[in-house]
């Protein structure tokens, strides 16, 4: 297998291309936040954060933080014109009530039936779940961005999750460092792959069957 | 039996005497609204109305109504300093959530177990319930003000309600044109009666047993 | 992002026959009269209408009922100072009624917007309005299970709106409007004034724009109660 | 009516051993640090604390835990930039943890304030956090039944307060504060500024005074995040 793979920035870039103009978007804490940097020119996305802000903008300059104006990752953010504040119950009403167009989350494992594991590796240490179990429900589209394999090289796209679940049958699309994969009717359906990568190479690092449905597109991403 | 009885204004006055300083109060539509006129000097009651106003005041002068500022009976009201607006779900959250100190309602019938019937006489015509079924739950004290008997002379304090129920076991005190009656452990307990009225006369117009628990006070009310 | 819509006609044109339509307001306070009257002109049939009341006089929801557009009302109090429109149709068996206690109505709509399919309430327990509904005991007290209420469309009256759909409401005209905005698939708003994005303080937004689809400015909107007191008839 | 209280000490003095205490804030935003530190001075033991997090650094809830006052935490995310206080006690088996998904935590508190003893949510269905909870299907989709969450006391941070207890909040410092104000038997507020009744526009009130019991003005309140970044230790 070649060593070729997308960087995190490139995965985030690819995910950002699917965000429609006018979409309401929640980006999970950490890596998914990077997606906001690559919104497509000419399209406007409105970002939601669980702690009660709609239409927030990028981080302020260092030294200009207002720590009453933070996102769910407790990082300082800024406001765009047309922002709104609301309390936590209203905020998660937006989430569960199906008002978000897209939620983009990280993953430890994604199963071919759409199950997601992204909150806990095992049962050691202090468990912490945050808003992940709510975010996987309600958004019209729940997408995952992730490296295709773990640091050890184990597949993250799997038959069924072995880590504790965040949600059942909730993920609809996965953007990995190697491919774009949809989840349909309990199967992984390959939509795009890196052109440098053969189908056999991709299958070797994927933990469940990769179905095909028409042509597989080329996953081509700019240098970032 | 003598013809002596309290006027509606006098019943409302008596009910108003039990409203503590600082109480949050909801007055049912119609006759109960009259209670607001007799709040005790030196005490402040904060009135709640189901359609989302706290701390409203009396009706404006004719011609000065603002029809966006109404109470649950759709009558124009005014605001006191320290008022607040909120939506209907928050308003009934206050009701069901036990935040009101007192709700004072009218009645068709009250049963000795605290059941209240006050929304419908039979099953003819157009049924309309409004907020009555919510108001009977949640307020720390649910009181009824009513004539002691119907226009036909039938008792309104009864063994068990024959009219459709508004709520089960919800009323704790009844102020009538003849008496003040508590509901305790499934019984009517007489607290006060008009001094001109004998116990036999009162029992004759009451549709369930009137228990005694210590002295019966004299129900004395000013001319109004 | 700009959710403003050039006119009332364009705002309601897409509402089809058979739609479930929430209409904001409590009595005349917060009632989007101009949207309703434009909807009557558009003329979809067989609607289910959700409102606290069921129309008053000869305008608004009463005029919708008179126009024969309403197959079913879901409301808490289908009476008013002049309830003729609903009463006549109801007594003739020409309109269906789902009667819901007011607090339960509000909470069901709130649940619809918030993705809560069912909840328990003490309201209506032991009454005929609870018949057929599941009952459960919590901490020794009985409660009735109620289901969420959603709609295809909501017609809303706001005070200020910005192009993102952020809304404020005037005094007690708030009532059911923010709940319905969240519970409908598409929310159509008539606002007294559309202001530039940023002109509504983010802390003072009552309905965040995520719940809103179309906004029309109706600067000279009528207050339903005033029309009724003036004896106005919609035609 | 005047709910103002002369000082922080008087405000928290009545909180007894064993109390269930909701504490507003999300991380450092909206955290009532001065009320918390005064409560540590007062020293009730064996508390159940409800907050989104479980303390950070050596101040606030972390300092309560270090002081051995907290028997149980109910939260969604007991991690932070410096989670030592909770982690140590938890790993030593000295503090109980009820872990609740954040949206479910918010909704349970909202339900506690609104008199809804139980509701259904899709969140956590099929996960270990749903184990032992009733499950039901609505419209073909499975949901988990969750119970309301109430408290004896809520400690809240507000921006403005009037003597009736009407409150506003600063930006995202709103978060759990209004929900907790409604869900506690007694709600104690530290406000940046107490203004005369009528100075908060009735349309701009976020927490109506009915949910509030005591208000203390803390004009120079600290922001928890700033204290943590400055390495401040409570003692």
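Observations, loosely collected:
Letters A, B, C and D mark the chains in the order given here, with residues in each chain numbered from 1 onward.
Criterion: a contact is a pair of C-beta atoms (placed from the backbone, for glycine too) under 8 Å apart; a residue touches a chain by one contact, two chains touch by 3 or more.
Bear in mind that the values here come from a model prediction, so they are computed numbers and not experimental data.
Comparing the CA-atom centres of all chains against that of chain B, the greatest distance is found for A. With centres taken as mean Cα positions, chain C sits 30 Å from chain B. With centres taken as mean Cα positions, chain D sits 34 Å from chain C.
Distance between chain centres (mean CA atoms), chain B to chain D: 36 Å.
Residue numbers of chain C whose C-beta contacts span two or more other chains: 107, 110, 114-116, 121-122, 169-171, 174, 202-203, 206.
Multi-chain contact residues of chain B (touching two or more other chains): 53, 85-86, 89, 92, 95-96, 137-138. The list of touching chain pairs reads A-C, A-D, B-C, B-D, C-D.
Interface residues of chain D facing chain A in the complex, by the touch rule stated above, are 26-30, 52, 76-81, 83, 86-87, 90-91, 97, 99-107, 109-110, 121-129, 169-179, 206, 223-226.
Chain B contributes residues 49-53, 66-70, 74, 85-89, 91-92, 95-96, 115, 125-134, 137-138, 164-168 to its touches with chain C in the complex.
Within the complex formed with chain D, the residues of chain B that make contact are 22, 24, 44, 46, 48, 53-55, 79, 81-86, 89-90, 92-100, 137-138. Contact residues of chain C toward chain D in the complex are 107, 111, 114-122, 136, 138-139, 141, 143, 147, 168-171, 174, 202-204, 206.
Chain C makes touch with chain A in their complex at residues 1, 110, 112-116, 162-164, 166, 182, 196-198, 202-203, 205, 208-211.
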